[in-house]
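You will see chain A twice below: alongside chain B first, and alongside chain C after that.
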Partner chain A sequence: MSAPPGNAHSTPNKPSAGRVRRPVTAYWRAVGVIAWKDLRAEIRSRELVTSMILFTLMTVMVFSLALELDADARQNTVAGVLWVTVVFAGMLGLSRSLAAEKDRGSLDALLLAPIDRSALFFGKMIGNLVFVLVVAGVLMFALTVMFNITLIRPLIVLFVLLGSIGFTTVGTLFSSMSVHARARETLLPILLLPVVLPILISAVRGSTAILNDLPSDDWLPWLQLLVVADVIFLAAGYALFDFVVEE
Partner chain B sequence: MTYSVPRDRALKGLTIAAGVLFVLAMLMDFFYVGPEKTQGEAQRIFYIHLGSFLGAFIAFAAAVVAGIRYLSSRESRWDILGLASVEIGLGLSGITIITGMAWAKPIWNTWWTWDPRLTSITIMWLAYAAYLMLRAGIDDPERRRRFAAVYGIVAFASVLFTIIIIRVRPDTIHPVVAGPTQADPSGGFDVAGRIRDTLFFNLFTFSVITVTLVWHRIRLENLAERVTRRKLDVLSEL
Partner chain C sequence: MIDEVAARPMIEAQKLVKIFGVNPVLRGLDLDVQRGEFLALLGPNGSGKTTLLRILAALARPTSGTVRIGGWELPGEADYVRAQLGVVSHMPLLYDTLTAEENLLFFARLYDLPRGERRDRVHTMLRRVGLHRRARDVVRTFSRGMVQRLAIARAVLHDPAVLLLDEPYTGLDQDAAALLDDLLGEVAAAGRTVIMTTHDLRRGHALADRIAILSRGTIVYDVSCHAVAAADLPGLYADVTGAVTTR
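For the complex of A and B:
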């Protein structure tokens, strides 16, 4: 991720002799502070990630019982099981992320802060992304052990990372809309699932092709589609979050 | 767009033109083109299938434009255009799905198959159905317009996905008529003669029909707003 354009708070890097300054601008500091605030609250309470991980493990149990998977079937369905579980567990976290801020009234305080609104968006999104990645990591480990398929491979990790970025970007944008709705818990999945399905399909198809050791012709187009979708959704989130939270 | 007599007359003219065009298009579908050499009579539904998809594409693209214009100007007429476009787009893409199924039964011997093209257009339809759910779920009218505009813009990603999916995924059985494919990366346009004439005429007709329907939907929304205002006026006089 590079620094977005139109960043009013960035301080130009002064060329200083003999010393390389890290290009951390006020914008990215604000992003980091917001993300770290969410992570620290979670490290202290441990309520969200604990329930997400428990939910994840139960879902894997339900899948393996419901689908009665043998070794062959596991090979072809494990990526689907991984992604469906990550998406549903991620939805639990996303619906809480802004709902908690709104219910405690801290959202108003965040909006009053003299920072770019998109910094708030990226901070929230990175917080959610870390939760989703923790869940995905635990799930990949669990599936590797329980399904006897090595999921922890560089390319699979890359697909998980790119898919999670796209999912949490759209998810953060939509959950900040659905908190204002009457039935917020039901509205978020309805809004989010059809829009992130392209990401989901690309990630599942690509991961399955890699697990079956197919040549790169079979998974490279999915990887490209995933990158394009991520870029589109990041740009949409950056441009549109302002309009969602303005009050 | 407010209600006015000359505008109403223009809409009436456009409606008649759309009706005449539609009758001509149907006559071309059934009498001007002969049966296609491999698919026979079943191929005739293709003109409605592609025509209604073009109409849905125009409507959903109009919703993106309306969303951007609403967010920059905050005029409620852009929101009405967005709502009208999404509703008409949903109807037209519903026609695309249903005509596709009717064609698939004789050609593929099944109404439905989990082909990427079929799946992605259904996802697109669901994304825009969610747009209406979002509008129904937000009480504050100003916030509803704002959120609808944002969602209408983001949901267009599912339209783009429907269009590019068969270029990414080679194992679709859905025919590709225009543009680059895996088999023919340079792109091309795979129809000629009477089939091409009929196809272009149908695409034009469905574009006109889409504009007409969206206009009618906008007029309906404006009339409904006028009724609400009149009611409030009457109530305030009591």
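For the complex of A and C:
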């Protein structure tokens, strides 16, 4: 039997001498630990990335067979195909990422950890970003083969990186909002698509200008818009995640 | 200031109200738990036990009322509160695609256990809950009882000052239940503060220092275990909750 009520014990590790400030895990270490856990779990299960890549390859095949385009038309549409596919494949992964944590209860385990909630947000966001970038890499290779256009260029890669950061940032925030809802798979695209529109438009326009070898005046403003959108979305995720995940 | 804080209860909840939609779950609940005290929280389904534990664990915000744990106030100082808490809930709060060892190492990192001590602590806990031979097996291959034992190891891994246990015996076989009895006895003897919700009146009486009965969102009965015989508890429980019980 344990001690009677009110009997305070005294060991150095207990708060019997008043408020004990137990260590709160360092911010960026917590971010890294969460992102690494997601990557490790995905490497083990291959659930998310496999389904995203399969969806991506199917979509590319459908587009390449359905749109019989000449060289010029391909040049002007391939960026659109790239980004629409990235967004829809990304939504597949985003909707499962936090939903899986919620369903098996591990989201509570993360929320119980002595870390800033925004560190949890950035950890999940980085994990999602890696998945989206892997899918985007496969997609660029597939489009290069199927559309016979070289997409793997440094500036296109930069657009993909910046666009993916903005998309996964707002996607992670919205998937954590919709994770408590019953119709979360439907709710996520409805919430997400209007908000990612500036990213989608900037990325498509900028990428198309680069593929058509246009001068920097034609793609630089879109790149700048992407950077601004990324900064705004990252700030919003940092500020809002705590309110979004709490009951 | 320190003496003043040390003299206060470890857990203080005052006038807690929680309303989901139009349904009040907690109705002005007051609860103090002293340092080193083991409180068994009894009550019928839907009486608000889990909601109360979720508020104390900083997983949910009360609609109104105040909560202080170890002198830290929720929600403003939630990071410091969470660092002191170990929680076992209905859900295992584990990752089924990771091994038992990987799960505990992940939480050891998240709770910022010293790098040099992590592996030793993880293996000590795995041995303590009888899972050291399954350390390298993924959790999805475990039985319900083994998962629950691992969940208990996760909850006490960082040696928390306060343990919140929501029906921890659910799904445990005889051996695992006996193991949990021993573990909780050790935790209580080490002076940790424990709140455990349970429907098992005899076990609650045997383990705890004090029993509180929750009904319709308020504490309707609160008594030291020394002041009530285990045999009288079922009748007393039925009287105050209106429930029919044979335990």
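Here is the rule we use: the second predicted complex is superposed on the first by the 222 of 247 C-alpha atoms of A that agree within 3 Å, B and C clash if a C-alpha of one lies under 4 Å from a C-alpha of the other, contacts with A are read in each partner's own complex, and residues count from 1 in each chain.
Going forward, a residue touches a chain if its C-beta (ideal position, glycine included) is under 8 Å from a C-beta of that chain, and two chains touch if they have at least 3 such contacts.
Because the structure is predicted, anything quoted here is derived from the model rather than measured.
K.L.:
First (chain B), second (chain C), both or neither: which does A:195 touch?
P.N.:
So A:195 only meets chain B here.
K.L.:
Does chain B (first) or chain C (second) touch A:83, or do both, or does neither?
P.N.:
Once the two structures are laid over each other on A, A:83 reaches no partner at all.
K.L.:
Between chain B and chain C, whom does A:63 touch in the aligned arrangement: first, second, both, or neither?
P.N.:
A:63 sits against neither chain B nor chain C.
K.L.:
Have a look and say if chain B or chain C is in touch with more residues of chain A.
P.N.:
Larger number of chain A residues touched: C.
K.L.:
Can A:113 be said to touch chain B (first), chain C (second), both, or neither?
P.N.:
Only chain C is touched by A:113; chain B is not.
K.L.:
With both complexes superposed on chain A, which partner does A:240 reach: first (chain B), second (chain C), both or neither?
P.N.:
A:240: touches chain B, not chain C.
K.L.:
Applying the document's definition of touch, where does A:121 land relative to chain B and chain C: first, second, both, or neither?
P.N.:
Neither partner.
K.L.:
State which residues of chain A lie in both footprints, the one left by chain B and the one left by chain C.
P.N.:
Residues common to the chain A contacts of chain C and of chain B are 246, listed in rising order.
K.L.:
Using the touch definition up top, name the residues of chain A that touch chain B in the complex.
P.N.:
170, 173-174, 177-178, 180-183, 187, 190-191, 193-195, 197-198, 201, 205, 221-222, 224-225, 229, 232-233, 236, 240, 243-244, 246
K.L.:
Okay, in this complex, where on chain A does chain C touch?
P.N.:
Spelled out, the residues of chain A in touch with chain C are 1-11, 13-26, 29-30, 33-34, 37, 40-41, 44-45, 104-106, 108-116, 246-247.
K.L.:
Looking at the complex, which residues from chain B come into contact with chain A?
P.N.:
Per the stated touch rule, the residues are 71, 116, 119-120, 123-124, 126-127, 130, 133-134, 137-140, 143, 146-147, 149-151, 153-155, 157-158, 161, 164-165, 168-169.
K.L.:
Can you list the residues on chain C that touch chain A in the complex?
P.N.:
Contacts found on chain C: 1-6, 10, 34-38, 54, 57-61, 70-72, 75, 79-80, 82-85, 87, 89-98, 102, 106-107, 109-112, 138, 154, 159, 161, 185, 188-192, 194, 206-210, 224, 226.
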